[in-house]
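Multiple structures follow.
The two complexes that follow have subunit A in common; it is paired with subunit B in the first and with subunit C in the second.
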Partner chain A sequence: MTRIVMLYCAFAACVVVLLSGAVVVRRLVDGRRHRRDALLSRQYLHIVILSLMSETDTVPHFPRLESAGARMVLAETLARLVSSTYGLDLGPLRRIFRDAGLQPFLLRCARRTRGCRRARYLSLLSRLPADAAVAAAVERYGSDRHRAVRFYALMVRLAADPSMALQLIGAYPDPLSAFELSEIVSMLRRGVLPVAYEPLIESPNRNLRSLGIAIVRQFGIEEAEENLLRIASEDTTGELGREALYALCALRRPMARREVVRRMGLMSRAERRALLRCMALEGYSETAFGSPVGDEETPYFESFVLSYKRCLVC
Partner chain B sequence: MLAAGQIVFVAALAAVVAGAFVALVRIVCAADKRLLLAETRGMLCDAPDGRGISVLCSGVAGVEEVRRLLDEGYPRYEAVVVLDSVRRPEAFAAVLAEFHLIDVNYDPADDLPAEGVRGLYRSRKRCYRRLVVVDKAFTSCRADFDAAVGVAIYDYVLPLRPGIRMMPFCIGRLAIELSLEPAGAVELVRSPVGEPLLLVAREAAVAAGGFGPDLVRSIPRSRRRTLYEPFLRAAKPSVRRPVLRRGAALLLAACIAATAAAGWWEVCAVLLTLAVVAAAAEYARTCAPEERTARAASRKSV
Partner chain C sequence: MHRILIVSDDPFLRDMVRFALGGLDAEVRSVSEACEIRRVSRSVLFDVVIVLTVSPFACCDCFDRRRNGLRRPVVYVVAWQHSEQTVLSLLENGADQYMTFPVNLQRLRGKVADELNRLVP
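Right, the complex of A and B next:
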């Protein structure tokens, strides 16, 4: 029976050797690749910016593009540039994107991977000036098991065909989380999605309504106050009512309204106190809402409001 | 050893190896997720659902450490620093002067009773509006954190012990993780990788009576999340640690060879299991890019 232990020792020794070898290889490869990628990224960014500033239609030459990992560096550089800017002329970028073969490259990478790695390739595609054919290529990822893959497939389709934004978001099967809403709104801020808030906030679809509330909050649209109050009074226990209250707070609208008071009364103690703290942070005074939520919460709210002040006269 | 005993022995060792591999896979998957989320900007500029994080710090070293705490881009973030003005008058005065702090009204919420608090300070300068300083007589880190929770305004609190620093993208990554789920679904986020992290919902900390030993147990399992990424690190990582690790690895290899040569297969099996766990941990370390950056930074500082 010592043989069982000896076999286990042989197995464990092989595992140790393999893991140790993997560590050594990874350290060597990662170190060199990290240095090379940093250098290439700076070079490619410089070339792209010069191309954007020049007025010719010629596609610039990117050195070492055929080497392993260089296309990925170029895709990341372009995506980072697009994410950080507004109103870029996409013509030169589209030419670079097509000439470097980035679309088939990223689709191939997405096909060969799973989970967060696949989602990352789709995320890059959504920020790059891909053509309309990419929407059909990523449609199959709409039913992927991984939520991030499903979401970034939606983002790719939104970027490829912004005119279908309402239909695509309305048909998205999962309720959009705050993170996903912020990603869509950032796409909107870059001018990619031409959507207005009114059809969204009045829509019966939960995702579209959420997006409408996020847009109202993000762009400070005070005219939507009545819409938000209506949502707060209609959605008495769900997320939408809560989001509407936070949007009203962010817009610094009066919180002593009947709809707000009623909705706050239906919240749990923890939720109510979280909203009160948010109101204190936004600068509401102690007299912001009288005593609608009971005398027990007023001292709690006042303690936070007063902590932003200093008594000059005792 | 009896045959059944040997089988149980090998099975136990194999279970340890399997556990190490499961942890390794989780760390590799977490590294992929972190890479995906590091490129997103929407959440970090916006904080759409209002969820914020208050970092509670006990025993900061001085002005530089406070400045480092404030060097966070996430909009809904504050640093609540607890300092003892009697025990460390110079550090307290330096922080007061540097960040233009004035004492404000201190009327704590009825959340957690805090003793020994002498005052609360906020900055007159808008650029330091995210700094809150609590002047409190030091008794223990736990008491400091409990006092800090009383003035923390955001929904989640992250206690930082003395000598622990946040790694880059710590707050942003945690905020993104919280925003992936509906409000109230997560009350505890922890990570065993690097220095242990414990991000707690403010209300959960208050309901548990503070940062006592029952805090984690009081939170339902369905509301706990475990991440396998490094978020915190020691302020002064030991320079000798890599040397010690290499020394330990060589010693382990020598022991394995010696026990195998001597025919002590059971001991050899235990040592080899340790070696598998160590090799898996070393591989996991290569997956964490911030670890690499932190190591490079510590080498430069030395």
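Right, the complex of A and C next:
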């Protein structure tokens, strides 16, 4: 019996040692790979920026591009550069994208994976200079089961053909979430999509209207106040009315308006308090409403406006 | 030779701006934290400081006082915040120029080059 126990203990100890060794090796390999990727990314960024700043048409050479993971590092570097800047010369970027074989690489990766990983590859594709062939290749992901995949397929198609933005967003089947709207607006800030809020905010389509409100809020378009008030009074139960109130609040327009007070009266208590917190953060005074907004909410709002917690509430 | 300091907690953005400023007649240094600014600027007088960070207020605080009558560097802040209040507060706190991300690298380079040319005695 003792021998069996000893053998069992020895076996368990061996397994623990082996597993610990495997974890250590894995961490070392990951650390080395991470350092190599950071170094490569820096090198590639330097090459890309030199290529963008120079006037020549030559395609730069990227060292070790054929090594494992290097093409992904280049794709991520380019995507990060494109999302942090605007006005880059698309000619050299297209040449790099084509000659480094990033387009087939990312499409292949998207085809072989699913779910979040596929969405990530499509997200990278949407930041790189895509053409009609890429848009056609990702069209089938528009009906994917995963919502993020469907959305980034839309983003790739928007990047490939900005002139079709209204049709593509209008035909998108899901209501756009706040995150998805911010992704589209950040694309718009990079100058990829045209900025015209009026056709969007007047549109009967929910997604286009929502995008119009997001643009008004993001760019501080005060001329859109009447449109926002109309949306707040028309959309009495849905999200659009609520978004319109938040946009008015971000524009710091007077909130003691009949449409605003009526819409707030239709909100749930939690929604009303969330809006009041946002108003306190934006710097509205405790007399922002001509009439009290509710027996409970008025002291709640006043307490935030008058307290030091104002900068912490949202 | 002119001296430029880049402050950013994001190595990618730091390198991006550093490479974009390559070729200018200036020595470019970079630090990752606001607290390092004081240490670096004790020994070197910078002409332009470019702050690319999530919390630019911490950096502006380092340049609010003139040191022994020396010239104060021109402070550029490039950040993601674009609300009017933030921009005005930054300008009041010592930033000379404010640009939002996404930023145009050619424009930033041009502005910095103009600033350096203006500093030539």
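The working rule: the second predicted complex is superposed on the first by the 275 of 314 C-alpha atoms of A that agree within 3 Å, B and C clash if a C-alpha of one lies under 4 Å from a C-alpha of the other, contacts with A are read in each partner's own complex, and residues count from 1 in each chain.
Methods note: a contact is a pair of C-beta atoms (placed from the backbone, for glycine too) under 8 Å apart; a residue touches a chain by one contact, two chains touch by 3 or more.
Everything numeric here is computed off the predicted structure, so don't read it as measured data.
Contacts of A:S83 after superposition: both subunit B and subunit C are touched.
When both complexes are overlaid on chain A, the residue A:V59 reaches neither subunit B nor subunit C. Applying the stated contact rule after C-alpha superposition, one finds that A:L251 touches neither subunit B nor subunit C. Using the contact criterion defined above for the overlaid structures, shared-chain residue A:V261 touches neither subunit B nor subunit C, since it reaches no partner.
Of the two partner chains, subunit C is the only one that A:L45 touches; subunit B does not reach it.
Of the two partners subunit B and subunit C, more residues of subunit A are touched by B. Within the superposed three-chain model, A:G283 lies in touch with subunit C and out of touch with subunit B [touch as defined at top]. In the superposition on chain A, A:R190 contacts subunit C only, with no contact to subunit B.
When both complexes are overlaid on chain A, the residue A:M72 reaches neither subunit B nor subunit C. Overlap of the subunit B and subunit C contact sets on subunit A: residues 80, 83-84, 186, 218. Those residues of subunit A whose C-beta lies close enough to touch subunit C in the complex are 38, 41-42, 45-46, 49-50, 52-53, 80-81, 83-88, 186, 189-190, 218, 220, 283. Interface residues of subunit C, counted against subunit A in their complex, comprise 11-13, 15-16, 19-20, 22-23, 82, 84-85, 101-107. Taken in their complex, subunit B has these residues touching subunit A: 1-3, 6-7, 9-10, 13-14, 17, 29, 32-33, 35-36, 39-43, 45-46, 48-51, 102-110, 120, 122, 151, 153-155, 176, 179-184, 201-203, 256, 260, 265-266, 268-269, 272-273, 275-276, 279-280, 282-283, 286, 292. Contact residues of subunit A toward subunit B in the complex are 1-2, 4-6, 8-9, 12-13, 15-16, 19-20, 22-23, 26-27, 30, 76, 79-80, 83-84, 115-117, 119-120, 123-124, 148, 175, 177-179, 181-186, 214, 217-218, 239, 242-243, 246, 249-250, 270-271, 273-274, 277-278, 280-281, 299-300, 302-304, 306-311.
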